[in-house]
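What follows is a pair of complexes built around subunit A, which joins subunit B in one and subunit C in the other.
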Partner chain A sequence: MEGILTVSGAVTTITILLIVVFLFREGFGLFKSPAVERGYLLCVNGDNPVRHLGPKDIKEVFDWEITDWSELGGPNEEIVPYRFEQIFDVYSDEELGEDYELLPEKLGEVIASTPGIIAFIPEQYVPEGMDGVKILRSDKITPADFFGGREWLPTATPAPQFGVLPLIMGTLWVSLFAILIALPLGLGVAIYLSELAGERMRKILKPTIELLAGIPSVVYGFFGLVVLVPLIQKTFSLPVGETAFAGSVILAIMALPTIITVAEDAMRNTPRAMREASLALGATHWQTIYRVVIPYAGSGISAAVVLGIGRAIGETMAVLMVTGNAAVMPHSLFEPVRTIPATIAAELGEAPVGGAHYQALFMLGCILFVITMIISVTAEAISKRQSNKGL
Partner chain B sequence: MKRIVLTAAMIVAVATAANAQKIKGSDTVLPLSQKEAENYMKIDPSATITVTGGGSGVGISALIEGTTDIAQASRKMKFDEKQKMQKDGKKVREVIVAHDALAIIVNPANKVTNLTREQLEGIFTGKITNWKEVGGEDMKIVPYSRETSSGTYEFFKESVLRNRNYMNGIMSMPATGAIVQSISQTKGGIGYIGLAYLNESVKPIHVSYDGGQTFTEPSVANAKNGTYPIVRPLYYYYEAGAEGKVKPFIDYILSPAGQDTVREIGFITVD
Partner chain C sequence: MIEAKNVNFYYGDFHALKDINMTMETNTVTAFIGPSGCGKSTFLRLFNRMNDLIPGTRLEGQCLIDGEDIYAKSLRVDDLRKRVGMVFQKPNPFPKSIFENVAYGLRVNGVKDRAFIAQRVEESLRGAALWDEVKDKLKKSAFELSGGQQQRLCIARALAVSPSILLMDEPASALDPISTSKVEELIHSLKKDYTIVIVTHNMQQAARVSDKTGFFMLGELVEYNDTKKMFLNPDKVQTQNYITGRFG
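Coming up: the complex of A and B.
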């Protein structure tokens, strides 16, 4: 019997560790991926002095936002972005040979005859060694691009943009306001339940509140989208209702049962002797609550808050539906934001396995893991303080 | 006796296995494939067809790995995906089973009815931000997009944005239904949806691809006669070696009965 229990414990631990290792291994693969889409290279005309471009520059060139080589330290020459599919507009499949063996040559001709060209070509068709063709050195994706970047365009070609800053800020922003809304409400209800409510009232209220925790999050999301979003939009006369605020309100409702249950338990654990001592000294009921019960339950209440935050940060579905998912740095509560869990849920299905996008999503998972780990360690530390306090 | 029964059972098993097909891929094509498969299995009870979604990319990579017989896709197979097939010595066959038109929709209260491709490009790349710049009221434009995993997202980017990137921080919704819902609530909203999802709660925009000379309303008739420009084919891909296995079903879809189902679902027939 003992053996079985030991084995099941060991298996669980190993599984969890393996998941974590897998998460981080996949995630850190991102920094070995090239900044240009894997399997492709960028070529320019041989006379062009520009040697390499950052991911952001490449994106802006192919969006026609940078239009002249002089902006990138090159000659005064207009940039001609060229996607290799364009070759099929000029030549038919037959002219390029059975297995496209003539493709590199034709591409080479185009590149050599266009001074301002920047061509985006699959690796195996790069006209290597041809006169007038120069391959741009390809950078790897750097941690600075990833953690410091402000643009999240994971499917942009030729250079996907993995700027994770707006996502992290969005997640923290929504969670912070969720907890600011949930905390006073939750504490109020907890105090009422543990100190003021009669036995019958509590018997009705407590299961009702705990019922909130049992509602599937997608139902919360649907409710938010159909009821809350239009309401917010009308009340504040905003151009859009899908905002960080809508997400915060929904998350606050979802975090409430956790906060109320844990905080109420902590308060009810205040020993009877302490309450009676306080009342015997002439303190009123209210003074007893905020001078004796709340300080005694302080660490329990902090644990409630931290657990509530944990619930809010990891929540996916409800947030995905009501926050608008726009990857911008949040400036106010009344703008759309995009959170990390929503991003992973929405994008992982289509990201090619092993590609940079896939790895970037795993990296997001790592960030989320670190944030929630910090939170649960904090919660652990706080509740330890509680048990050490004694009487 | 026992041996005969066993052999018979094995033959039956092999025969049914030959008739079992898997279809995987685009969520846009999913309802069509499901309906077609249902009807086909009624005609040919020995066939079992399993249809699953997941996205065009998922279906195509399953085809490359050989875990599906047919990949359904709302976009053309990419060049490097074809390369991967060729590297394994497999040849891929492409069949267009239906067409789908994309409608550009706005809130019914919006006065704008006509937009050119250039204006749409400006709106979705963030260069045009107020409705008064395109002949409407003084109101902020709120463009809605699908998530990056959607074939519709890629097609819209190719066809309307000419491969430029969407504006940074565009609102992106997890499903077409959510876009319709949001735009019906948002006065300044604009978004794109499959024609089949068009309903009374939103207003379709008349689109021009010739610089504003002719504006065409999105409708099945206009998409069919070629005057509505934002139309994409829906594909089935299969490996040439498996032709014998998948051909009867594909022939059924292309038959008049199969194309009736295409019309029923809200897509445009291929003929």
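Coming up: the complex of A and C.
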């Protein structure tokens, strides 16, 4: 019997560790991926001294935001972005050969004759070894690009952008405001239920609230989409109702049952002797609640807070449905945002396995994992410090 | 002076106290003895209205302190409890520092003057014969004290709000003999300033600390007499049987 328990414990632990290892291994693969879309290369004129470009530079060049090589450490030469499809405007299919075998040669001629060119070409058509053509060595995606990037455009060509800042900010905004709404409400209801409500009221309210915790999140999301989003749009006269605020409210509603139940249990566990001692000293009911019951239930209450935050940060479906999912840096609560879990859920299906996009999504998973870990470690530390004080 | 007039008390349908009349004089120690479940703790808890906390209870008759009906509608319960302190069976310090435990009653009374609080804390701890043992660790958690020290801390806590009456519900039943004798000495020295009512299971303790003793059985006050007379020559045969241990 003991053996079975030991084995099952060990197997569970190893499985969890393996999942974490898998998550991080896939995620960190991102930093080995080239900045240019897989299967493509960038070529420049042979006289161009620029040797490599980062993902952001490449994107800005092809978006006409950087227009001169001098901005990238090259000569004073206007940049001519060139996508290989443009070759078909000049040459007919016959001129390029049956299997496009002449395509690399023609591309090479174009590149050699245009000093400012930067051409985006599929690997198999690259005019390798031709005079006047230099293949640009593409940078790897760096952690700085990932964690510091402000743009999340995972399907952009030629260089997808994996800037995770807007997603982190979106997650933090939505979760933070959700907790700001849910915490005072939740604690208020918990205090009411444990200290003020009559026995009959409690018997009705408590199971009802616990029932709310069992409703699938998609139902909350649907409710949010149909009721809350139009309401917010009308109330604040916004162009769209799908905003960070809508997400916060839905998350707050979802986190409430957990916060209420856990905090209420903690408060009711305050020994009767403590309440009586306080009341016997002439403290009023209120003074007893906030000077004895709440401090006594401190660790339980912080557990409630952490569980609430955990629910808010990890929640996917409801948030995906009501926040509008625009992966841009949020400036106010009343703009569409996109959270990390929503991004993973929405994009994992269309990201090719093993590609940079796929790895970037795993990296997002790693970020979530780290955030959750920080929160629970903090909570542990808080409750430990309290129990050391005898609280 | 504490008076009970025709007191009947019910837990739901259960008739816990039956028609009790009793008067306890100022600056005396009165002990309640009797078998478990006889109603002596219930009776004690009437005088700081602790029974109000239990749902489904009902009181008939009058409880008076210095002639004032403490169940009158105009009376504020928290004011009453400041005048009538209570020490419980099990030491129940708050999960706070020693200092804060004693200061608690002052703080909930709205006292903000730090110097005054510090002075009251010291006086109360001295009054509870605990000062010398804890004066160097006032900031430490009350849970670090021994059971006997915790109980004296609870007494100090009750003294800090300057009550005139002290109700003690088996204050020494969870303590070892040495701590018990310290608490008993303490009761003795507190008598000159406080009216003390103590519930006890321990007959010797009642004999040692009290001036008068009430014997309760099955919700009735069987006999109420001077402690000496009670233990040497009780009026009722039931009292005699209980005190000599022949009670069945």
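We adopt the following convention: the second predicted complex is superposed on the first by the 348 of 391 C-alpha atoms of A that agree within 3 Å, B and C clash if a C-alpha of one lies under 4 Å from a C-alpha of the other, contacts with A are read in each partner's own complex, and residues count from 1 in each chain.
Here is the rule we use: a residue touches a chain if its C-beta (ideal position, glycine included) is under 8 Å from a C-beta of that chain, and two chains touch if they have at least 3 such contacts.
In this text, all values refer to a predicted model and were calculated from it rather than measured experimentally.
K.L.:
If you stack the two complexes on chain A, which partner ends up touching A:Glu199: first (subunit B), second (subunit C), both, or neither?
P.N.:
In the superposed model, A:Glu199 contacts subunit C only, not subunit B.
K.L.:
Which of the two partners, first being subunit B and second being subunit C, lies in contact with A:Ile117: first, second, both, or neither?
P.N.:
neither
K.L.:
Could you say whether A:Arg83 touches subunit B, subunit C, both of them, or neither, answering first, second, both or neither?
P.N.:
In the superposition, A:Arg83 touches subunit B alone.
K.L.:
Given the touch rule stated above, what does A:Val262 touch, subunit B (first), subunit C (second), both, or neither?
P.N.:
So A:Val262 meets neither subunit B nor subunit C here.
K.L.:
Under the stated touch criterion, name the partner, subunit B or subunit C, that contacts more residues in subunit A.
P.N.:
Of subunit B and subunit C, the partner in contact with more residues of subunit A is B.
K.L.:
Quick one: is A:Leu153 in contact with subunit B, with subunit C, with both, or with neither? Answer first, second, both or neither.
P.N.:
First partner only.
K.L.:
Using the superposition on chain A described above, determine whether A:Ala280 touches subunit B (first), subunit C (second), both, or neither.
P.N.:
Touch status of A:Ala280: second partner only.
K.L.:
So in the superposed three-chain picture, is A:Arg291 touching just subunit B, just subunit C, both, or none of them (first/second/both/neither)?
P.N.:
second
K.L.:
Quick check on the output: what are the common subunit A residues between the subunit B footprint and the subunit C footprint?
P.N.:
Residues common to the subunit A contacts of subunit C and of subunit B do not exist here, since the sets are disjoint.
K.L.:
Which residues of subunit A touch subunit B in the complex?
P.N.:
For subunit A paired with subunit B, touching residues are 39, 59, 62-64, 83-85, 99, 122, 124, 150-157, 166, 225-226, 229-230, 233, 239-242, 320-321, 324-328, 336, 338, 345-347, 349-353.
K.L.:
Can you name the residues of subunit C that touch subunit A in the complex?
P.N.:
48, 50, 53, 55, 78-79, 81-82, 85-86, 88, 90, 92-96, 104-105, 107-109, 141-144, 154, 157-158, 161
K.L.:
Under the touch definition given earlier, write down the residues of subunit B that touch subunit A in their complex.
P.N.:
Residue positions touching the partner: 54-58, 61, 79-80, 83, 86, 125, 139-140, 142, 147-150, 153-154, 163-166, 168-174, 178, 181-182, 185-189.
K.L.:
Can you name the residues of subunit A that touch subunit C in the complex?
P.N.:
Subunit A residues touching subunit C: 199, 271, 273-284, 287, 291-292, 295-296, 389-391.
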